[in-house]
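You will see chain A twice below: alongside chain B first, and alongside chain C after that.
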Partner chain A sequence: METEKLTTGRRVRTQFMGIVSYGMLPVLLLLCIYFSVRTYSEQQREGADAGRASAAAILKQFGPHPCVVIVAQKDSPPEAEFVTTLQQQLRSSGATVAATSIGDVGDARRALKTAVDAGKPVDVVACTQVPAAWPLWKNLAKDWPNLGKPKIMTPPTYMWPNFLTLSNLSNITERISVIAIIAIGMTMVIITGGIDLSVGSLIALSAVVSTLLIQNVGGGQNATPMVMILSSFAGIAVCGLMGLFSGAMVTVFRLPAFIVTLSMMLIARGIAQKLTHSEAVADVPASYKWLGLGADLFNIPNCVVLLLILYAVAYVLMHYTVLGRYIYAVGGNSEAARLSGVPVLRVIIFTYVLCGLLSGVGGVVLASKLKSGSANYALMYELYAIAAVVVGGTSLAGGEGKILGTLIGALIMAVIQTGMLLTNVDLDTQNIVLGVVILLAVLFDAFKRSGFRFPGLRGEAN
Partner chain B sequence: MSRLFGTLMLFASLLAAGCDSAAPAPQNATPTTPAAPTAAAPAAQPASRGIIGVSLLTLDNPFFRVIGDNITAEGKRSGYETIVVSADGNVSKQHDQLKDFIVKKVAAIVLSPAESKSIVPAIQEANKAGIPVFTVDIPCNEPNVKIVSQIATDNEGGGRDGGLLMIEALGAEAGGKVGVLHAQSRESARLRVKGFKSVLDEHNAKHPGKFEVVAIVEGDGAKEVGYTATLDMMQAHPEITGIFAINDPSALGARTALEKLGKADNVKIIGFDGQPDGKKAILEGKIFGDPIQHPDVMGVEVVKAIVKQQNGETPEPRLQLPTERYRKAEAEKEAKAMKTPAPS
Partner chain C sequence: MQGIEKSFPGVRALRGVSLTLRGGEVLALMGENGAGKSTLIKVLAGAHLPDAGTIELDGQPVHFRSPHESQRAGIAVIYQEFNLIPGLSARENIFLGNERSRAGFVSRGSERAVAAELFQRLGLAIDPETPCRRLTIAQQQGVEIAKALLLDARIIVMDEPTAALTPPEVDRLFQIINELRSRGIGVIYISHRLDEVFKIADSITVLRDGANVGGCTTSEMSRGKLIEMMVGRQMQDEFPRRVPAVAEPRLVVTGLRRGQAVRDVSFSVGRGEVLALTGLVGSGRTETARLIFGADEREAGEILLDGQRLTIRSPRDAIRNKIGLLPEDRKTQGLVLAQSARDNFGLPNLSWLSRWGFVALRRESKAFAVYRDQLKIRLPNEMQRVRNLSGGNQQKIVLAKWLARQCEVLIFDEPTRGVDVGAKYEIYLLINQLVAEGKSVLMISSELPEVLGLADRILVMHEGRITGEIANARAATQQDIMALAIR
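For the complex of A and B:
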């Protein structure tokens, strides 16, 4: 038994050769295909792209020298971009842009007046989507007899799955980033046979500690990047200490992990509430959003880059280091592991500390995303993290599981949630579907391990 | 391997079946009411003008359900689809919901912020994407966000209505000692209590019958907290003859506590909101009266503001809806109207 568990590392590596070892990967792909098909629909162009496409369409239809009025909405950067691009493209090919309007109906009317005063009949009014529906255009010929008889045109559309847009894919990974990060630590804790219910509260604690430090010690809005980084590490360190405490309780005093971390969940949330008096801590510099909402590398959100790095490190740790093998060994059979010389106590404590530290990282990411800290952040995140771990194929009984499986599990949950929103599934049904998916995943896991027979009926009359 | 594949397919097909059967649900959820027989009927069925994404504080509270239902109904009348989601009081969840709306390219976003400071980055993202943002019931007055229109109850005015009801309940000449069930973390509650106190102060300056607020305790806007807080308050101040609760659940908690103490007939309660439970208690004489809010009107007004904005006009940046004083007499009138159905 023990020898078998001790070679888990090698076994995992050989299994990785086949897709089969990540049983949930095909499910993830199927879900993506399903939602892509369901959301295949007409897509509106936006910004500069819409401007270019409109210019091409107008020039094609009205020859090289049409007279155009451009109408867009105010307070919207993409609309402003549309106007600039369209105007520039039309002018460079010799068309007349008689007037432009970025604003409300009044502004559009003024633009039409300018065009009439200019005296040249207008061929096209190029609108973005919303202005095109304005009642202004209904009686154009009657209300504006001197305008010529312009055609109202919107940017050409194209067909594409809404699910497969860049913005949606980055949204999916970004929304799951915090849960996926804490799920790394959770996977390791669960593989050792434990559980950590305190991660959600630790997220709130880390968010509160780091934002409070920036606000009260680091100079608030004027804090320097260095101060923000140090404050974040302080928040992460506090969570690491809380994890150390949980680990010590679980190992030295042999208390059940469920109860210890349940207590820590209450304690950490309580401390966060006490520190903030249940108000949001928001006096932080605007640049604090960088980690959570920025996207510097090929438009990939920074928090997703962080997530990928953390998973890569965790993968190497679990599958290519002695410590990783120890973690599997402890979960498989801790007594056997101890007898074979594995430092069981230290290994278990390590997983709880790591889980705490990663919760701290998650807290910093969340605080950055919301540009503030608050004691009520990340409610129920521990359950989502556990669900991601289990959907990813890790056994709650310990000893088995894969880090990348957890990432897939987290992605499955995010894809389902976002996908249902994109396909207009109502709220109550969303919860039911999510619950059913988690259940099916565990069921699948149980079937897989019993060789696709009913696990509970083994040994009964068949 | 083939067994594995089979199980996978089973799993996938189950999932697909689940989603497919779920898809038509939203249409079934809102019964298709035949369009009102007006001349505008054909014009009321334009091609879909897009989706309104609504993220409300919590759908556990019937108050917000009413807002959501009315946005859906009024939106449909104006040619919009509506998606209503619940933030469950959790601002990180609301943040994700707003980001989803942005990806979905909704025509407008309506929200009641779970935390007005922490929701700022999400609103800024919507601003950047050019999606107009509206608030309902709870405003967001943070700098650097663009909100087209904020629609809420005039809470201070509502608090003043509560004060007037209290004076009416205890008698303008008699006066009395009053306790308040607060929910201090909520701005709406702070405004209500402010309005309530200001009416009593004005009254005291002019009349011999004095009203004195002797205790303000935390009721958290919840029934069970309101219950224990009232027990404590009555222990400390047995002379209290009137209680103002900042919402119906805490008012109902106060009522239960007074019944337990045997003081239900000696102490008058003023609630707030006019939720179905609250209205029922007023009808039964358990609560003296409520300044009632109009969540249905709020929902309708938000959609009107959206339509205005989408038609290229500029809606009111702030709309404060007044409350109405609702006592037993009004409750009886409403109950009677319910019994005899309106002529169709």
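For the complex of A and C:
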């Protein structure tokens, strides 16, 4: 029993070391720190939080029993929350809330009248951001002489990086969800020593096939959830079949993967264009957006949940299953693997099929995000996926690589992209920076492996 | 070379090694794998910078910071893996980096003349315009030597030059070495084959654990003493003894055929028998083994085990039928170099080391530990990449793979190639133990002393056919085998 525990402890530690050994993790952290510092700025409070902060500020400034009027906009849950929270907090500490208003300028005016009628001089008018800018307050002393010269207050602000706001973080994860999903299959294909250039086109094909099925067969706008699910699976299955074809070409006929998947890239894109006559397919129910834009679990976008599940499954597959072991062995030395009884052919075909299926999933997610299918989706995505894999530390020569490294690689690229958006870098410069970063990442990796020397210059004649 | 020291992270590879080579001398550098021979050579070749120590050439101290500098000083190293470009001709390879040119154009005529003259001097019949990939191993070696001569090398280092040569080719190489010696060129000769060393070397320097353990002229050295110096302990016998069993046949092969390589080969291996399959390189030995194992497709022939006919279309089928193959080249066929020792061990065994497709990591570790201890595999930990292990330890991991698989028939193709003396002996012991358990062993080897010392029965192949059988291997001589192998 005792030894059992020890082994588990050691295993946990090795696993932990495994995560630390992801070489690009420090790069990702540095980038996050950099953009956090660059975007450190004033943040507005909202909702209940704003209410609590305002209450504290008012009580601090005007003692325990001020008289307050609260003004907010209508039709917005955070505004209403602000009013309720502030009112509750003030009342519980003995302050007077003379009137509240959730509405337009007219409502605010009526609220002020109520306060005047109540007869107690008003110390503070607590407003949210938009009402605070109304011209109503400009000549308050002249227009409302009986009000008691109140002070106009907005919820106090605080300093925090724009980069680290919830909305930006979910923007990052959402931005990479499609590329990160296809990069899973790409990682496996590259570890076996192959490459798959067709993933971008397969995304478009899957998006087109599933939306077309909903539009033309499943009843368009009135399609039921079951119809949408079946159509999505049909789109994914088509991509799986394309992957099967690529895998068979690569193994049975020993054609170079680069050329086979280059052809598949053209073929799949062409089929998608023919199916749609190059027009967008948009006749789908509003609920089709659920996967791409919904956020059911703790406000985490559904596509990000899907992404995390897929990475968890892929991680287990690569590190704990026989198939994962075989994938690494085939990439490391396919002849040695074959002579050890590994079904090399089937293993390679599996990776292409999986890569196709995951492209299909990516296509469904993208179509759901954009609530339509189009043959022009995901141009160049294969290159971004390959970049994510390589930045994540997987060797293009095969045999080595880590699935979570790919996730880090995809995150690095998304962090740079959104970071540059937040710091107002223009689009053209963004591409240059992204290219340079990919190059630097790979260079850093090569340097690290060779012990920080120039691997290509050793022993060169001079 | 005086007091050379070199450390790598975690290892002190050389601790004050000294070596003296005179002009026109053939010096054998001996030692187990990991003794520091390769590191010493790499220091001499300028591939490693020594941490301490001096190198003098004709009394002048020299410092090599790159292989190029060492080459210019007249030192040529011929590694086991040749530095030739397969697609270029012999001439182009010889002059690579040193092209004779006029106004930027290669002057083929003068190059060809020089190359032809070099080959003639070495007694090699090579057309300078043949692409290197069409040359035999021995001829490629000749091209490497010619390249060294072109650079006016005064010291030529040969790392295991005979590992892939047939006996007549070895004789040919020795003539060339004698020719080099007579020209005053110093030769450092690295080999694990004791016979050859005693035949060709003038003096012997022995390394163990990165230090000199002795050096003397060949005439003062005996076989037993040399082995003792290398291993660091006394060894009674190079080949452990075993009582040969009279065996009923287990593996029966009839009419095996594939193209010109294997033509109508039939034989049987008995229970508890070591059958040696020998012959020159290219005689069809390895090809026969690959057909039995399903690595190549056979055109005809039947394979029976214990009277049952086996359907073998792939290595998977063979493994399922309890046949294991230790391939001739462990680096390209036996191991996934980038993976850990344990992962390599597990590869053919995952079918019983897994449940519902998940690898049973703890059971795998336990099984590996058992065979690691049994085979005395020296490892810092089981996750060590096999690329960084010595030849002997690598070979033991390939062995462990098949032992754990509980194979009934084991095919060993050159089981001791590039393996040091100590590990060799352990592999021999293991083969004896396997046959004692009633398993059948088919052994392919080019080292005739090993064949004679280990096998119960010997089959000799020549041009794809079995040309003879020696029923009592213990009583046979190398001449008996060569007579059948050459025809």
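By our rule, the second predicted complex is superposed on the first by the 326 of 462 C-alpha atoms of A that agree within 3 Å, B and C clash if a C-alpha of one lies under 4 Å from a C-alpha of the other, contacts with A are read in each partner's own complex, and residues count from 1 in each chain.
To be clear about the criterion, a residue touches a chain if its C-beta (ideal position, glycine included) is under 8 Å from a C-beta of that chain, and two chains touch if they have at least 3 such contacts.
Values in this document were obtained by computation on a predicted structure and should not be read as measured data.
Comparing chain B with chain C, more residues of chain A are touched by B. By the touch criterion defined above, A:134 reaches chain B but does not reach chain C. Of the two partner chains, chain B is the only one touched by A:427; chain C is not.
By the touch criterion stated above, A:440 is placed in contact with chain B alone, chain C being left untouched. Shared-chain residue A:337: touches chain C; no touch with chain B. By the document's definition of touching, neither partner reaches A:242: not chain B, not chain C. Of the two partner chains placed by superposition, only chain C is touched by A:400; chain B is not.
By the touch criterion stated above, A:26 is placed in contact with chain B alone, chain C being left untouched.
Using the contact criterion defined above for the overlaid structures, shared-chain residue A:323 touches chain C, although it does not reach chain B.
Per the touch definition, chain B reaches chain A in the complex via residues 1, 3-4, 7-8, 11-12, 14-16, 18-19, 22-23, 25-26, 29, 49, 59, 81, 83-86, 88-92, 95-96, 99-100, 102-105, 107, 115, 117-122, 125, 127-132, 146, 185, 310-314.
Listing the residues of chain A that touch chain C in their complex gives 7, 320-326, 328-329, 332-333, 335-343, 399-400, 458-462. Those residues of chain C that touch chain A in the complex are listed here as 47, 66-68, 97, 293, 295, 314-316, 319-320, 325, 327, 332-339, 343, 346-348, 350-351, 354, 357-359, 361-362, 401.
The part of chain A that touches chain B in the complex is made up of residues 20, 23, 26-27, 30-31, 34, 38, 44, 46, 73, 75-79, 104-106, 108, 130-131, 133-136, 162, 165, 167-168, 171, 174-175, 178, 278-280, 282, 289, 292-293, 366, 369-372, 374, 376-379, 418, 420-427, 429, 432-433, 436-437, 440, 444, 447-448, 452.
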